[in-house]
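Per-chain residue numbering starts at 1, and chain names A, B, C and D are given in the order in which the chains are listed.
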Amino acid sequence: MTQLKLQGIIPPVATPYTSDFQIDKPSLRKVIRHLLDGGVHGLFMLGSTSECVFLNPQQRGDVLEVAMEEAGGKVPVVAGVMDATTDHVIGHARQAQSLGVNGLVVTAPYYTRTSQAEIVDHFAYIKEAIDLPVIAYDIPVCVHVKLARETVRELSSRGLACALKDSSGDDGNMRMVMLDHAAEPEFAVLTGSEIVADYALLGGAHGCVPGLGNVDPAGYVRLYEAAKRGDWLAARREQERLIALFQIVFQGLPHTSMGASGVGGFKTAMQLMGLIEERKMGRPNRLLPDAGVAKVREILAASGLL
Amino acid sequence: MTQLKLQGIIPPVATPYTSDFQIDKPSLRKVIRHLLDGGVHGLFMLGSTSECVFLNPQQRGDVLEVAMEEAGGKVPVVAGVMDATTDHVIGHARQAQSLGVNGLVVTAPYYTRTSQAEIVDHFAYIKEAIDLPVIAYDIPVCVHVKLARETVRELSSRGLACALKDSSGDDGNMRMVMLDHAAEPEFAVLTGSEIVADYALLGGAHGCVPGLGNVDPAGYVRLYEAAKRGDWLAARREQERLIALFQIVFQGLPHTSMGASGVGGFKTAMQLMGLIEERKMGRPNRLLPDAGVAKVREILAASGLL
Amino acid sequence: MTQLKLQGIIPPVATPYTSDFQIDKPSLRKVIRHLLDGGVHGLFMLGSTSECVFLNPQQRGDVLEVAMEEAGGKVPVVAGVMDATTDHVIGHARQAQSLGVNGLVVTAPYYTRTSQAEIVDHFAYIKEAIDLPVIAYDIPVCVHVKLARETVRELSSRGLACALKDSSGDDGNMRMVMLDHAAEPEFAVLTGSEIVADYALLGGAHGCVPGLGNVDPAGYVRLYEAAKRGDWLAARREQERLIALFQIVFQGLPHTSMGASGVGGFKTAMQLMGLIEERKMGRPNRLLPDAGVAKVREILAASGLL
Amino acid sequence: MTQLKLQGIIPPVATPYTSDFQIDKPSLRKVIRHLLDGGVHGLFMLGSTSECVFLNPQQRGDVLEVAMEEAGGKVPVVAGVMDATTDHVIGHARQAQSLGVNGLVVTAPYYTRTSQAEIVDHFAYIKEAIDLPVIAYDIPVCVHVKLARETVRELSSRGLACALKDSSGDDGNMRMVMLDHAAEPEFAVLTGSEIVADYALLGGAHGCVPGLGNVDPAGYVRLYEAAKRGDWLAARREQERLIALFQIVFQGLPHTSMGASGVGGFKTAMQLMGLIEERKMGRPNRLLPDAGVAKVREILAASGLL
């Protein structure tokens, strides 16, 4: 197994649909080129923002094929293999492996309720089945259980995960996790936050997985580069610009759920920017209402992206 | 579309595995005969207790085929079609329809976060795609959102659901829901509780979907019949006997999660009773430890089932 | 210490205010007479519905004095001694004891976060300080921790509580608690639910502590008496009538919080019925808006109480 | 009313007890001198870490008197006025005002459940009653409701609060709040976090209210000064040293609650450092067990504080 070194900006790539809910491959290619042109350091396909759990195996495969072609070895491609239980995850992982991805992103099981010990077992079963680097993905808002600090330690010490993507919003705990692993430079910690990425980088995070990076990859790359060179004021200014842009995620409310408002905000912006044909999302997510679309346009314009 | 009249005891049928995690069809047949011999009034295949979310399409199909054959039209068979998003649910529903089930059991989406309005849309898309009666399944412990009282009203008034299975544990709200629908005798309300089934029947519930019914179907049928004839003291006595038996669900703790402890308690009891060959569960659920198995045996013996 | 035998209907008595937020003693007397005329079996002063945590020591004392006078030994009077920490509770308990109450109602600490072991210690310190019967009060919606089943067992076995008032809404757990204590007839279990009181009585509860009993004590007494004589259908019919009346608690939403909507619904009804002068609540609770008052009037009329 | 400019390190001062649970004034003086010697920029008396809700009015007054004397006008003194409801808070606020404090720290009500609109009313009633600057205190772990971003905006725009102390742990939301108020330099935002104070300062926070500042005020002052001069790497290094020290808060578990483990960790360290006589906490908080005390000693030694 080759090593996977994750760092920098690795956006969870949005998944554009055609009008009949197939993968819109031309739009997906355009999105990936937009990201690579923006300077991103990796691609996270089939994440939560990518609507992974809405896709069937054919669609998951289509997305990964396009990504591998477009990435062309220039940046690593990691694949979300989200599913409720161990053996479904292994099935997705086999497909992803056969398509050549560089790593897997694995959450705790969901729907079924598992203990921290069973979560460790879950990662162990996957590692046993698939010889690929695994990024542990902490996203309690979706799976409704948190990867405990001790669980992350066990995943690392047993070689069951080579990185953590922390989308829990618990930045204090993530900070302690980073220090727990300070002596393991090969263990990467990535934040899933769009709005406190500069914080995480100051704390020693290796990178950021921002959904908003679909809209403004160059902004996140600038933020990351400022942080790398220790120019924290420049990082902060870039972060503040991106927080203003981030307000696009609230424009579906209360017509839609927060989930649909967020992904819908990204897709609406991407459509307005000419990156994708359709802004539809997987069912039953509702589209942003017209007033929300107008507000997204306004925010984009204010951010200099239109 | 034929009408579906649900009432009485409709257990969520446990799914026995072979040693290599395939459906153990002979054991499944034995379980279903045990249930029919116990007098149950319907079969709920592929519920949460059935480990639905652990199964692949082939396994889901195997389970439904066996169930349709064994039920032989004597009792209705309804099928859980649990999945995270609308179109996956429709896929499972098509399979279930092709196998001849009498109704579908549908939860809110999960992993993705949806509003109550989007949940109603979810049921509407499913109804539009599949002409089968739908039982709305309220199980926040798994999907992490509750079907609001107003949502149930809308599902009923728009013909999107013909029944509610309430596993929320919020018996007060369920009572108000029953009164909301008191003038719609065709709308069935079923409780998912093993331990307050008599309460629900007193309040007007049409039936009960008890996981513990896998172990003691005749007990639940006696409880139901006592309630039907208005002998509430007999119903209560039977319920109390079943609560003592229900303690088998706590014998995995803390070695396992509560989820694995519950299903594991049922499967361990069923193995001890000679109904199934293996007590294994889908991964990563942990098996009850030896001390838990011993305790389950003891409880079964005390309940007169061994 | 005299024994306390709690059973039947023991409403948490609402606390009427004068226009300048003092205890409106004449109204309070009228309320208590209304309850006694309705046939209630005890009085729970200074409960959550009584806005206990809004009152200062003088006001708490005023309420208890009026209650002891009006009860006149005809029914037991128990006093809530809600406060955040042990020693404050002991302070309230000393006052209540000096005014002659028959028992204390004690929750877990709040604001501060305590473990189940520390909650047991809390009850032990109180028992050590005050020689009065203690009713353990499980109300996670206010104190944000639940009295675990094991905690209740320990409180009973160590003589730290003689009864449980369960307002948790977890009727399944409460049922198991009742069976845990089935061999201790002196340990009373009371439900705090207004809408499934018949359930609890069927399950063996000794009584009910319904906030709505302020509005219709006779209805709850009829429900209880029907249950006592085993006429469960009559109990259910009375319960259903009371559920229709219970809809007064939702008429402040969304102008007020749910808390203010509930107590405000009771107080508005009581004012419309001529029992109290003012329907104001402790600050910052908002009053029901006019439309809510009109709806309460309508519901009261439909219930035959106006 | 004089303006209150809060910035820098403003620790929530621990409250030492005598063996019979009175305020240990000599120890409190020693603690405050230790803080002032460490260079802190203000004193927050009667916060959550100060066990405010355990104290009676006499004890609250004792604490404030000592603080005013020791501060001697050199740094501002703000007082927590925590209580469940508006009028109790106003009572504490009157006492605090009479003792000359420079500002009040006010949470949302608790035990009673309030809406965001009622929370705004709560602050408005307090402001109407007391002419002192108010710091809004967001601490959902204690009061179980969050001050919404919109609520903070309304508190600021209506002059009901001059600052926010954010102990919610939701650093992303706090970041957006800081930007919402970027054009109001007089509105201070302070973090309650001990372990990501450098983050908050990078994001523009005016200061930090660290419980751990009782143990190592000079460390937090160094962190703050490094941040002020833009030396973010020095700030990070100091923060990391303080995170290692922060592990003292976990040494009571599982013998105590997390709450008692945290305050107990601070008090144990302060006793070991010779700052206070007794490490006892308000009842029913349990003391750290011997093994926990030994671990605290070890952590202190490793941090160079023993």
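We take it that a contact is a pair of C-beta atoms (placed from the backbone, for glycine too) under 8 Å apart; a residue touches a chain by one contact, two chains touch by 3 or more.
Please read all numbers here as calculations on a predicted model, not as lab measurements.
J.: Give the fewest steps needed to get from chain B to chain D, where each step moves from one chain to a chain it touches.
T.: 2
J.: Need the CA-centroid distance for the pair chain A / chain C, whole Å please.
T.: A distance of 49 Å separates the two centres.
J.: Which whole number of Å gives the spacing of the CA centres of chain A and chain B?
T.: 35
J.: Where does chain A touch two or more other chains at once, residue-wise?
T.: none
J.: Taking touching chains as linked, do they make an open path (line), a single closed cycle (ring), a hub with spokes (star), an all-linked set (complete), or other?
T.: Per interface graph, the chains form a ring.
J.: State which pairs of chains touch, listing all of them.
T.: Those chain pairs satisfying the definition are A-B, A-D, B-C, C-D.
J.: Report the residues of chain A in contact with chain D in the complex, numbered from low to high.
T.: Residue list for chain A touching chain D: 169-172, 175-176, 179, 193, 195-196, 198-199, 202-204, 230, 232-233, 236, 239-240, 243-244.
J.: Show me the residue ranges of chain C that touch chain D in the complex, using the header's touch definition.
T.: By the definition above, chain C touches chain D via 21, 48, 51, 53-54, 56, 82, 84-88, 91, 109-115, 117-119, 121-122, 125, 141-144, 254-260, 282-286.
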